[in-house]
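Structures incoming, each one as structure tokens.
Next come two complexes built around chain A: one with chain B, the other with chain C.
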Partner chain A sequence: MFAHDFLEEAAQNNALLQIHPHTKLFLGLGTIFLVLFAPHFLIPFIASLVLSITIVFIAKINLKFYLSLLSIPLGFATLSVLVVILLSKGQEPIWSWQVLSWLPLSISQESLNRGLLIFFRIMGGMSALFFISLTTPMTDLFGVMKQLKVPDLFIDLSMIIYRFIFIFIKKAHDIYLAQQMRMGYSKPKEAVKSYSMLFGSIFITSWDAGEQFINAMECRCYNGKYPKNVSYNPVEWRSLTPVILFLISIIISSMLASGYQG
Partner chain B sequence: MHIMEGFLPPLWAAIWWIVALPFVIYGFVRLKQTIDENKDALPLLGICGALIFILSALKLPSVTGSCSHPTGTGLSAIVFGPFITAIIGFIVLLFQALFLAHGGLSTLGANTFSMAICGPFLGYYVYRALKDTKINIYITVFIAVALADLFTYVITALELALAVPAGEVGFIGLFITFLGVFAVTQIPLAILEGAVLALVFKYIVDIKPDIITKMKIFSEEQIHAARGKIQ
Partner chain C sequence: MKPLIQLSNLSYAYPYAPPAIQNINQTINAGEKIAIVGSNGAGKSTLLLTLNGMLRPVDGRITFQGKPVLYDKKSLRTLRQKVGFVFQDPDVQIIAPTVWQDVAFGPVNLDYPEEKIKEVVQEALHKVGLEGFERRPPYHLSGGEKKRVAIAGVLAMDPDVLILDEPTSMLDPAGSEDIMDLLDELNQHGKTIIISTHDVELAYPWADRVILMENGRITASGTPEKAFSDRELVKRARLKTPILLELCQELAARGIKNGGKLPTTVLDIIRIIENEHHGNIRLFENGYGSIHVADVDLLSGKKAVAFMNDMRCDTVGVMGSRAKICSRQWGITPDISYAVIDKCILQAMNGKTCAIFTSKGMVSRVIERVNEFNAINNRSIPVQEISVQTPDDQ
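This part shows the complex of A and B:
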């Protein structure tokens, strides 16, 4: 039931924790952005490879854990890419099959290229996203939001959500174990009932928790704003230079590839 | 059903961001008004956001064999209305992208549009339409939540189909194919989510009905009628 391992835990213990969040976000967001414009599938493939190596060897994230994470998007990507390859248009079909009168399937060089491009764009984008979530804890992201002058209310709401996610996960897990011990998930019908009870009781306890939270905050003179302390190690050229070089090489290779194709 | 990072080409990613942002910003304005009137609402809203996150992180009892999980925004739409759900949904989707690798940042606009805007709006108006009729309140919740879920999935399929240049089958064919590919998991999931949230509602009515009357979700008579039926 709790199959999703929390990336946050890994993020709090990764080897790149002390690097300034701007550098890390620059790499992650820059790659996400640039990979979208890549004309050939090799570019996102290499970007994904480089970022994965960075995650596993430099940030020291467990390889097995990282691979299990990467398999989450694979299912979605494979299904959607299959549809793209079989149904999108191309000049000369390599293979075609009229399954139903309204559903002609065909594979052409173009649709194959497009499918591969989308597949690796997903992989590239996902590894960049994993890079951000595995190296930058949420608390650092709140600090960056604050520096970017995101409205306080938005940050406060995000922080409360963030805080309560962990409390509720713990509660849900306890209830789930208790239900499982009482054979709560032995039959599908039982499972639906247990699941509803689990969720209902979390809803009610969380509502109570919310009301208590208000009282507790008021005792501490809460006036609708959380004070936030933002301080980081300085941005280092040692880490920023490879990031800039990497991003520039993506841009140059994209430009070369589009020139070659055009 | 989240669209993965990198699936949408830059143009469509930008378009969905532009479509989703006005709703999120207006939701934020509404949120600010609510908080200014009553600053106690902030923790409750935060908790509701966390709850949506948990609901989407818990895997439902797997019927179809895939790891299906509910969207959870239907309940929030019924409790807080669609605009505030848009902003909460936006934050939750951001967390899902960063914590669980569901969805992505460039596709956040598209995911927000389908999951935090379209689904909740439909669910909310279905609930409003059925609220004062004779229909049992649990059935109202079931229909609103299940339709919100289905609508989310239809919009997601639309977003996927629009992003790919269609061949002989045309745009409609592509749209239907995407609908068909994901129908296997999404239709049972919508029904299951509706049933689960209706049962959750029953649980809340049984144990703490004052939440429902306080938020003016259903009137006291309706709750009495519903409780009477059970006992």
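This part shows the complex of A and C:
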């Protein structure tokens, strides 16, 4: 299957699929929000750890797949945090090095703390984001959008886009394979030509698909309405309670940590 | 039979092209199973698209239920609700991100109240055997499942006529048989069904009536045996004679009579050979064949398996989507899932014991059909309903 490395594919198969999307969104968005205000790096670190464990062991997302996802923000985070640690000035440097006359590098306790805090805020936020996208498929989010009174036009358009993304990716994938089988990307010049052909035929395909789409809708008495499914399994205390406890413990530990520092 | 759709003098041409169909005169009756058979480009799809008003004929007239078809928006909506169209490629037809939303598309646009939408969607998914698939996205489904979603989306609007363009062209043989069995079942429930195909082997045993098309014209229309009998016509339409009919023709050429009825199934061929043989042909060591029919809603998995072991069933046939779901749940692998009655009679004639699992209304139909066969062919294949009080009940 062409979609095996999609986030959406993982989400459609995750073990928390039946949990009400509100519960999952509450956990994900709540964590992102709280992690941004956490005063000490340990708090986002633990939050990120807990969410990762939830993703891998409770939602049963493949560990390798999840780690490969995490490595994307990891690269960004490491680079930017290194800059913060090395360039921001602190009172007592632990280590310093004058590379060039205008470029002093130093590490101090404060810059280290700040860097770690930023690093784990990024990782905490990202694992919360991954939690949402790995446990709540788009198809559920459309219903949530409807409940949040997002304009119908916007939801309808995003649903149609969602439907077509998979058709086009499959099409592009097929064409790409067909080109490769006939040595399409063997030389750089060849590759440019093949890519242009690929995009050309995708354009024609999408034009065609649009026309067929209108026909299909006409055939089924289209009258400007697009059905939306907003029925989910009920919100369960069994799943909501740990979420609330988790978020409250982040708030309390944040308050304790800022009290301790202040 | 009541005429449902009448086509007179119908012609259609795509812009800048020779006419795709011309001079079509045909009456389609309520409750018929029609296969329109023709080669690529014979005009099958064009003809089908005129039937629900997607194409407006340049010439000629279509009447539906006695009234001429009008092409204003409101009349078209009514027409398309009554005449459901299933496209060849389900990816074209499935337009919503989940199965439930797609099946609900028609009912929502027909302004059904919310409760009714839920009800008809549930029922349509039940009919095609896709309960529990509501929240799946379409790219997650197999070809056969997609086709079923497409059919359910049309069924949800409760049409009188179901038109399917090449329903099995993208399916594997088992998937095709399942779809054809589903179409049989829908026809039993009173839907008129029209399919187009170039698969003669598929159309031949299935259809009540075959319409042969060649170059935009209808060249023959009648029972499958009659429509395919004219070899010259079949060859000109770039088709081939169904293998059973060819076999019968070859037997006839060798002086073996067909008893006045051309064969449409293997069962008919066996009968012709038996007549020639003046008696039954069956293996000596086989027992005395019988057919048992069971209603899956009155059984449980344990009882069904126990019964099969008890009776030493050689062949298990499963008929209808409801029965197929149950047998899957019970872990019963059916030997026969299409044209079940005829194939079971065939097995019973060879001394095998058959069990047929089916749903409520079909039990009496099976018994009727077997008794009818017995009466015509002077046989006595015993057929009985498996009673709820099976021996393992005590």
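The rule is simple: the second predicted complex is superposed on the first by the 239 of 262 C-alpha atoms of A that agree within 3 Å, B and C clash if a C-alpha of one lies under 4 Å from a C-alpha of the other, contacts with A are read in each partner's own complex, and residues count from 1 in each chain.
Just so we're on the same page, contacts are C-beta pairs under 8 Å (C-beta built on N, C-alpha and C of every residue); 3 or more make two chains touch, one makes a residue touch a chain.
Just so we're clear, the structure is a prediction, and the values are computed from it rather than from any experiment.
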Three-chain arrangement built on chain A, chain B and chain C clash or fit: fit
First (chain B), second (chain C), both or neither touched by A:F142: second
First (chain B), second (chain C), both or neither touched by A:S253: neither
Touching partner for A:Y162 - first (chain B), second (chain C), both, neither: both
Partner chain in contact with A:N14 - chain B first, chain C second, else both or neither: neither
Which superposed partner A:T54 touches (first chain B, second chain C, both, neither): neither
Partner chain in contact with A:Q179 - chain B first, chain C second, else both or neither: neither
Degrees between the directions from chain A toward chain B and toward chain C, using C-alpha centres, nearest 10: 90
Touched partner set for A:R220, first chain B, second chain C, both or neither: second
First, second, both or neither for A:T23, with chain B first and chain C second: neither
Of chain B and chain C, the chain that contacts the larger number of chain A residues: B
Nearest Cα pair across chain B and chain C, whole Å: 10
Set intersection of chain A contacts, chain C complex versus chain B complex: 3, 8, 138, 159-160, 162-163, 167, 209, 213, 217, 224
Chain C residues touching chain A - in the complex, by the definition given at the top: 52, 54, 77, 80-81, 85, 87, 91-98, 100-101, 104-111, 117, 134-140, 153-154, 157
Of all residues in chain B, those that touch chain A in their complex: 2, 4-10, 13, 28, 31-32, 35, 39-40, 42-47, 49-51, 53-55, 57-61, 63, 66-67, 87-88, 91-92, 94-95, 97-102, 104-106, 160, 164-169, 173-174, 177-178, 181-182, 192, 195-197, 199-204, 207-208, 211
In the complex, chain A residues that touch chain C: 3, 8, 12, 137-140, 142, 159-160, 162-163, 166-167, 170, 209, 212-213, 215-229
Residue ranges of chain A in contact with chain B within the complex: 1-4, 6-8, 29, 32-33, 35-37, 44, 69, 72-73, 75-77, 79-80, 83-84, 87-90, 102-104, 106, 111, 114, 118, 121-126, 128-130, 132-133, 138, 141, 151, 153-154, 156-165, 167-169, 172, 185, 188, 191-193, 195-204, 206-207, 209-211, 213-214, 217, 224
